[in-house]
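First chain A sits with chain B, and in the next complex the same chain sits with chain C.
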Partner chain A sequence: MRKMYDWLDERLDLSPIWRDIADHEVPEHVNPAHHFSAFVYCFGGLTFFTVVIQILSGMFLVMYYTPDIVNAFNSVKYLQTEVAFGYIVRGMHHWGASVVIVMLFLHTLRVFFTGSYKKPREMNWVVGVLLFATILGLGFTGYLLPWDNKAYFATKVGLEIAETVPLVGPYIKTFLAGGDIVGASTLTRFFAIHVFFLPGILLALLAAHFILIRRQGISGPL
Partner chain B sequence: MSDHTLDHGGAKWRENAGRQENVNEITRRQFLTYTLMGTGGFMVSTLLVPSVRYAVDPLLKKGEEEPYVPVADVSEIGSEPKRFEFTLKVDDAWVKNQQTTYSAWVYKQGSDFVALSPVCKHLGCTVSWNTSPQHPEMFYCPCHGGLYTKDGINVPGTPPRAPLDMYDYKVENGKLYLGPLIQRT
Partner chain C sequence: MAGGPHDKETVKYVGDSRVRATRERLLPKPYSEYPGKTEPFFPNFLLKEWMAAVVFLIGFMVLVVSHPAPLESHAADPNDTSYIPLPDWYFLFLYQLLKKIPGDMIVLGTVVIPGFFSLLFLLAPWLDRSPERRPWKRPIATTIMLFVIASIVYLTYEAVAQHKMQLEESASAAEQAPAPPPAPAPTESAAFDPEQAYMQSCSACHGQDLKGTPAAPSLIGLSLSTDEVVDIMTNGIGVMPAGRFQGTDEQKKQLAEWVLSHQ
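On to the complex of A and B.
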């Protein structure tokens, strides 16, 4: 291991790269080893950790999942009941989805109550709010994909809520549903949004979030 | 580079400490590296072990036993290869009981029957009997020009490297039943 790393490092000069990423100061007031209450500073990292689990388990789920009204439910049922560990992989994605939102919420509360959104970090708060919207969007679009009764009616309700937006509401609804009803084109649309569009946006926003926190540093103690 | 690395091996540190120490003693740094790597490895493996097992599941699934299906009346079969179709209900993942059509080239040889699979042993296209004007009385594959003689033996110099598979068969009440494929070399 060591030798392999040294061989690569000698040629590619890797150490500065990962040192840039990993080697930075953790101030005493955010280090749970110093003050146990500093664990509240872990929620951002835990949100990211759960997002990574979501991406990984999602990649495995699409190996069997089919975004089609005839096959979606059966493919989910198949991967959950007939594929080894399918219930665990789906379980990770299912429970992880809720955990992401809980962690995200706790992270937001911590940032709020420590006043970490104040100057010069206002823009990172805005990026965070966009991340919040993106993750809620992932939750909403992912909820339809199993194509069971709960999924169908949750999406119906969600789309009717979208319809209540003044002026553009009906257009938003038709755009999201891909037609007049929640049906075949809604499912493929939500799949595309859930698997390609939103994760792309999510990764871009996460990059911005992390670059800003490294630029600006962790906010001082209360 | 070495002053950047995580593990100093403890040697320098022990010298500087200026006291006799048991060489087998583990340094604080080594202890932390091992415990953190161990815990991290455990966490990563709880994620990856189920996922990888899930992904390779098709490799470990057992194939179903192929049943014998009635394909033709014995009286229909002559000494010239003739194509017979038959359907099987196949479970393809979540698509259950899918009607799938198979076919066989069947002819009579003395009192025995020969039922050949039409799947070319080169790269899986479908062969047919006597369809190439240049190669009459042969099984011909249109994809890459594979040839087989009437008994399904591949002609040397053409792409296939093995004879056509043969169906196991049985005759009951004047009907020919085809079963599992037999590979020949």
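On to the complex of A and C.
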């Protein structure tokens, strides 16, 4: 083990990378083992943990899901009722979507009320707000995918609301719906946005979020 | 004095065969940055974090297994006009805000109010610039945030309550529906029945009992003239599209009068 590490380290210079990722001190004021009230500092980690759950469960859902209006509902129903543990995987993704919003909200409030967004961490706050928007976008696009009435009409109303925005509204609606009505091309668009576009943005923003927090360290005690 | 051969800024050619590589020891960073009982992130703190995550995961899986994700019994039916739409719970407050705003000022609810608060939120670090971090020492920021949280909670609660009420109403309306409709009184305009026209063209959004749905407001007790209603019918208003009811001007007038007769 040690030899393997040395062999890699000699060629890749792993130690600085390792130092950047893992080798740092956790200060007392964020450690719930010392101050129980410091559990409020856990929400960011739990948000990330739930995001990981979402990515993993989503990867398994895509194995069964079919993004077209004839089969979408049936594929979800098949997964829910027939596939072994299918209802658990779908349940994780369904409930995880809500839990991630709750955790994100609590994390945001912690950062806000501890004033942690202040100099020098302004940029990380902005990245966090963008993450919030991305995750809301994931929630909105994912809601359509089961293609039952609840999904369909919520999206229809959502797009009608988007249409009322002055100037750009009709363009937003056409871009998202892929046409005049919520239909086949809307479903494929929402699927692509939910599975490729937004997760890509999400991972890039998460990387920025973590690089910044390692660079700047966690904010000091109040 | 900078520029010496042992200066920190000197370029280091790692692995260049002409330069002797000096291996740095993996020394723990000084504990002095934060006074108090610090703890190494790896493995000590990460292990504890993982234990907390496992407890969270157990609770989460109990929820998942005991409450299967909902799925309706059939695929989406775009022609189902009686379905009462509802967004996911974390969008409810925006939806409820929209319902509170009259149709001709809808842009307030779609852009101005959410946009204003989103911008405040995004630009918080530049609006609240003092080095003070304790929430009770920066009352403006704290007050605004508490107000926003309270509004979100209240609007969400109200949206859920209204949706429940509508579901009950539509359920009781569905029970009454099978009763045979009273025979329309024969008049000179027997070919046009405003109630039937309403059911075909308007009830999908305004509800079969004219009490409104999340998609459109109630039509009972309107303080509008017949001509104004005809105008709205023809040209639309707010989110209401134009020309939902296609008919002659006389029929539009009759339909408007019928709507206004519900006070």
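One rule holds for everything that comes next: the second predicted complex is superposed on the first by the 203 of 222 C-alpha atoms of A that agree within 3 Å, B and C clash if a C-alpha of one lies under 4 Å from a C-alpha of the other, contacts with A are read in each partner's own complex, and residues count from 1 in each chain.
Throughout what follows, contacts are C-beta pairs under 8 Å (C-beta built on N, C-alpha and C of every residue); 3 or more make two chains touch, one makes a residue touch a chain.
If you're wondering where the values come from, they're calculated on a predicted model, not measured in any experiment.
*Asks:* One more residue to check, A:19. First (chain B), second (chain C), both or neither?
*Replies:* Both partners, chain B and chain C.
*Asks:* Quick check on the superposed pair: does A:200 touch chain B, chain C, both, or neither? Answer first, second, both or neither.
*Replies:* So A:200 meets neither chain B nor chain C here.
*Asks:* Of the two partner chains, chain B (first) and chain C (second), which one does A:179 touch, if any: first, second, both, or neither?
*Replies:* It touches nothing on chain B or chain C.
*Asks:* Is A:60 in contact with chain B, with chain C, with both, or with neither (first, second, both, neither)?
*Replies:* In the superposition, A:60 contacts chain B only.
*Asks:* For A:147, is the partner it touches chain B (first), chain C (second), both, or none of the two (neither)?
*Replies:* Touch partner of A:147: chain C, not chain B.
*Asks:* Report for A:161: first if it touches chain B alone, second if chain C alone, otherwise both or neither.
*Replies:* Second partner only.
*Asks:* Could you tell me if A:95 is touching chain B, chain C, both of them or neither one (first, second, both, neither)?
*Replies:* Only chain C is touched by A:95; chain B is not.
*Asks:* Quick one: name whichever of chain B and chain C touches more residues of chain A.
*Replies:* The partner with more contacted residues on chain A is C.
*Asks:* So, A:83: does it touch chain B (first), chain C (second), both, or neither?
*Replies:* first
*Asks:* Which holds for A:74: it touches chain B only (first), chain C only (second), both, or neither?
*Replies:* It touches chain B and chain C both.
*Asks:* Considering only the contact definition stated at the top, list the common interface residues of chain A for chain B and chain C.
*Replies:* Common interface on chain A, chain B vs chain C: 10, 15, 19, 53, 74, 77, 88, 92.
*Asks:* Under the stated contact criterion, what part of chain C meets chain A in this complex?
*Replies:* Result: residues 14-15, 24, 26, 28-29, 31, 33-34, 36-42, 45-46, 48-49, 52-53, 56-57, 60-61, 63-65, 67-72, 74-78, 80, 83-91, 95, 98, 106-107, 110-111, 121-122, 124-126, 128-129, 131-135, 138, 141-142, 145, 149, 214-215, 238-239 of chain C touch chain A.
*Asks:* Which chain A residues qualify as touching chain B in the complex?
*Replies:* Those residues of chain A that touch chain B are 2, 6, 9-10, 15, 19, 53, 56-57, 60, 63-64, 66, 71, 74-75, 77-79, 82-86, 88-89, 92.
*Asks:* Using the touch rule from the top, collect the residues of chain A that touch chain C in their complex.
*Replies:* It comes out as residues 10-11, 13, 15, 18-19, 22-29, 31-34, 42, 45-46, 49-50, 53, 69, 72-74, 76-77, 80, 87-88, 90-99, 101, 109, 112-119, 121-122, 125-126, 129, 136, 139-140, 143, 146-154, 156-158, 160-166, 169, 181-183, 217, 219-220, 222.
*Asks:* Quick one: which bits of chain B touch chain A in the complex? Just the residue numbers, please.
*Replies:* 1, 4-5, 7, 47, 50-51, 53-55, 57, 60, 93-95
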